[in-house]
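Just below sit the structures, each encoded as structure tokens.
Heads up, the next two complexes both have chain A, just with different partners, chain B and then chain C.
For the complex of A and B:
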């Protein structure tokens, strides 16, 4: 036996060496793995009306600053749909599904506003990459924001800011904004089937939970990639950079940033309103977990009293949801949205004096709970105003400012309003969010900064019949769209109701002192 | 093994077979291209017809204003309900005319000989802009000439008829008599309205005149189908939305468009089968087959849904949403495949 082994050993070793050499050779000679993603030249009829960058490189997603990590477009069939992720991550899906992120690219108000902008230019659809980069990144990255859509559609592109659009991020530029995010949607994903994910969960976690990505998406920088919006010549008529949305900078310069309270802490807390009140009470511990609801301020998109009109406004029902599930999740998120809005603001009487024929008083509008300005975002549509009613000892109303006409959907034009205005090249106000012809942004009144206040002085004329004590009723209202915008873009009679953020009543004695 | 005459005969026979096939393809394509042109002209004629109805409606409105010496308040006082009805009618006719144009918009914009009409009718800027200017002046009934005022559909008539442009609102009025004056409830400038409506008819006819001498080629055929087919998705999308919208909210959008979808889709299918399929199938029969299946599937979905609607069936939100999304998805897939075929055949898509 031993002798036989000894005799055959050289042959055996030779065989092993040859086998290893063959395996190594095959490995070395194997054809290189194809680069993930789609090359621009393989997307027929893709329009590039804005030309290359300063280095001569093509800019397929411009004027959005969105990019993929390897510079290639995405194969839409390879983008995982959120409905697929729900197979295992049902809880996260149920949190995300009613959110504004989920309907960012499909809600009817947004869609119509984009169409109105697209109609302003012959290359309007390509210019709308600016909008879609943040609202429908899957569509832009797949090359479907194009006059001629030669790329096949997929469920994932209708899902707005879906799971993979965050969980593949590798870089963000929150000061540049306009979608300045780099996503590893081509290289940072797995293509494992569900059984394979179960068999090798670590591969799946490595793909979607890379340390760099996890750190980035937990930061405010990541949110700033889209929640910073500047208009320039690449998408508007602005000749100098116009700051349209400064939410990130508002936060960065605030007490919240100094205390490491991030966007995610409030907007992804399981109960955002409770968390905001916790912060207001001085307890700045992080939430016990982060939910995927992204609760924000758009109460209209959760107003179930609108019935099927709400389904229309939200652009239908998301893939993976039934009507009943949809309604249940929206109702839940609507409750959280209202509670968060009510946790944001306060009103205080800062001073007053009564003379023979004048009542002068100062109302402070306070930002108590928002880590950014109040209101924030693109506030040409979202706006806030103060309603003041003063009555005398007889209960007669002697002054009323800031009323809301519920029949016409109009706010008192003389009210104190926090809003920005888009203006065209001739300086005229553009009421319906036409970004592509906007040349300048002006403010009626800038938003109230975090933990700050804006004091408004009222000077009310008194007649000889008016006697104190006087009562001041103050209401701070918020509305997500102007009536002109709704009518012009949707061509409907829908009246967008305002939301009362906070109200307060102050009594002023007949003498010169005021008492809140 | 083979004798020379046999080889020659075989070679000759194969040559004849190839050229015969090519002739057959060309012949089918030529017939198909004629269909493309006829389809476009048909829709252009419908546009002229709709624009004429719109012009008549605006003319009737202007007559009432004129009979009160241009005093809008007096006209409203005397003929309020009539004027309100006329404005509602004008808006409906405007939507119909606009939809007719949108059906052929891609072709009009894509053909160099007719591209200027797209700017005048639908997409051009006023002369104050630097690019894509609608090159025409608008003469109004009172003799005023507006120099390069912008496109007629979205630039002038839409904001005018819906009261979106404050400077053209002559009187705020309670059109629907509900005791309130919501946005859009107003009397518009009749002089501008009539001039613009007349111009719509005029330029729609001019378009038809130039379109009549157009000789479509293969590029035009592909362009036609890839620009028209997505409008089917849009129409079906409108139908889907019309199933959601209730109450006053959908006053101007809730219109069933399934009849339009069926007509346009039938036209697109015919154009593809006649003019494009011979080209695509020559090199890629599998792709051709998938495109044809797509058309069959979409038309079948439309016909079935339309038949159900006509029989009085009401659709639930979930089903309407699913049907609308399915139609959009099929239309998108068809277009993507035709564009891929166009690229394979080095076709130039214009527009």
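For the complex of A and C:
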């Protein structure tokens, strides 16, 4: 053997062995790390009014189906705040900060609805884990959704669906819903110092975006964990399972699912409206990147014309944002939200005829761009309606359905409305989103399915003075809250403005005499 | 005397390189079991890497001058230059990866694009693995010509 090899080979081998020994010794010398997370018994006065599961195990987050991977609660001081993530991921933070996900647990409409529900029962606060599991998972996982607050608050708990609440997910059940997500928020994160993250960013990425998590959060299944909502005996008066929000199933059974167009493709596209129009034009390529805006349909939370009322509605300003940044980001997101809403629907005249003294016509309300029903989600507050104005050749209005009273915030009760109703055990409608006393869900009219249409027939009485041609103006409106809810729950006279999704004008060339 | 010093310096470098490779392999393949435990190993790896860089750059200049110049075989010379290029690559990529934490310590945030990080890590890791193989070959490969019937030149 050559002299140099003879001299160096033992060094190479021993160097490698010593390297391994150093690593092993570091393991042995370090005090064993405690199991991450907090044991249930260490949360003073934590209430478990719903008892154990069928295997006898405690259910600390029930009636939410949210879970941690090791079954333990989360130390609130260890939950990474999105504002901390923004140190390096500023772009993603700026996208997420104005989103509905960021304010899911703090917006005033939600907060007041939860309070109204909590006041219905002695264990109302614990029951509210059902709501908070999806809206404020940090609060639930830390054990703060409890009548006795024995856990310290933290910034991260106020951030709704923050970075770690998605980027630690390891399992989702989109059919079960009600927050059926498992988060490795105790074990799947690193606590590395910033310089060390910068020195080895791949380790940080592997901790937060393990292959399993990355695949899951890119799928519609993940969204379905929360965008499927069923009421049952665990949190309501329902004796059989009531489907309150079926967004995932609506998508699963649609053309979009068959063509692998997922929730993320539209709602996380850099320009969601343009992407939806691209899909409408038949180009189903994936977006070039995924932004963290999660653009949805709630235009109210981006209506900067509301001034300070908007800040109040949004529950203040998120940690890590200045007032100016907040306003700038909200305006941008508002523009994207309006554009997305306008890309969703269409109106078409499907048929018409004039008989003696009657003008009969069919208006098709079309779902052209949404990969779920239109409207979707929990639509006891959000609702859509059709406004029809018919005028004759003189311009006189001879029929008007679906008007909106801007003074009182009321929609014409005789309008064609797409909405679901919560009903109590006596069958009475509950106008205030009181989940815990809801026994049944009924629909005034079910949402229009993806790429489907709902045909509404109008039968207008004509008088002898009316002559054609007749002009039909159709407007499809969307509103995110009923006025009863705003009055009763928010205790305010703020009028929630409706949003015009689409409008169309149709002329019927013949008059009643020409086309009997 | 100077030969002994040169040899011992070379052996220290060999030793450090082996340590770096061992800890590097651990960081790549095993740190995933416990992200936070990897921090100490990473610090150790960075510290040893800094020492190795200084010692290697000082040593390799004289080694090229004194050692490589005496190579009598083209294959040995070629492989040796390749080995040096690999070490330069490992050191350069290592230093490039240290730039973001160094900038952070000055109070600013800057980091490579994620794809760049992947490329740097790939080159750093697999450069080191192939350099280890190359080193063993370099150490074991004959750099003198085989004695011909008319020559009795060879290593003593």
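The rule we apply is simple: the second predicted complex is superposed on the first by the 478 of 516 C-alpha atoms of A that agree within 3 Å, B and C clash if a C-alpha of one lies under 4 Å from a C-alpha of the other, contacts with A are read in each partner's own complex, and residues count from 1 in each chain.
Just so it is clear, contacts are C-beta pairs under 8 Å (C-beta built on N, C-alpha and C of every residue); 3 or more make two chains touch, one makes a residue touch a chain.
All values derive from a computational prediction rather than experimental measurement.
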_If we overlay the two complexes on their shared chain A, which of chain B and chain C does A:122 touch? Say first, second, both or neither._
first
*Touching A:151 in the superposition: chain B (first), chain C (second), both, neither?*
first
*asked:* Just to be sure I read the superposition right, which of the two partners does A:491 touch: chain B = first, chain C = second, or both, or neither?
replied: first
_Per the contact definition in the header, classify A:285: touching chain B only (first), chain C only (second), both, or neither._
neither
*Is A:27 touching the first partner chain B, the second partner chain C, both, or neither of them?*
second
*Using the touch rule from the top, collect the residues of chain C that touch chain A in their complex.*
7, 10-11, 14-23, 26-27, 30-32, 34-44, 46, 97-98, 100-101, 104-105, 109, 111-112, 114, 117-118, 121, 132, 135-136, 139-142, 155
*Can you list the residues on chain A that touch chain C in the complex?*
1-5, 7-9, 11-20, 22-23, 26-27, 30, 33, 87-88, 189-196, 198-207
*Where on chain B does chain A make contact in their complex?*
109, 123, 125, 131-132, 154, 159, 162, 164, 179-184, 226, 230, 240-241, 243-253, 316-318, 321, 324-325, 328-329, 332-333, 335-336, 339-340, 342-343, 349, 351
_Complex contact set, residues of chain A against chain B_ = 44-45, 108, 119-122, 147-153, 158, 307-309, 311-312, 316-317, 322-323, 407-409, 432, 483-484, 487-488, 490-495
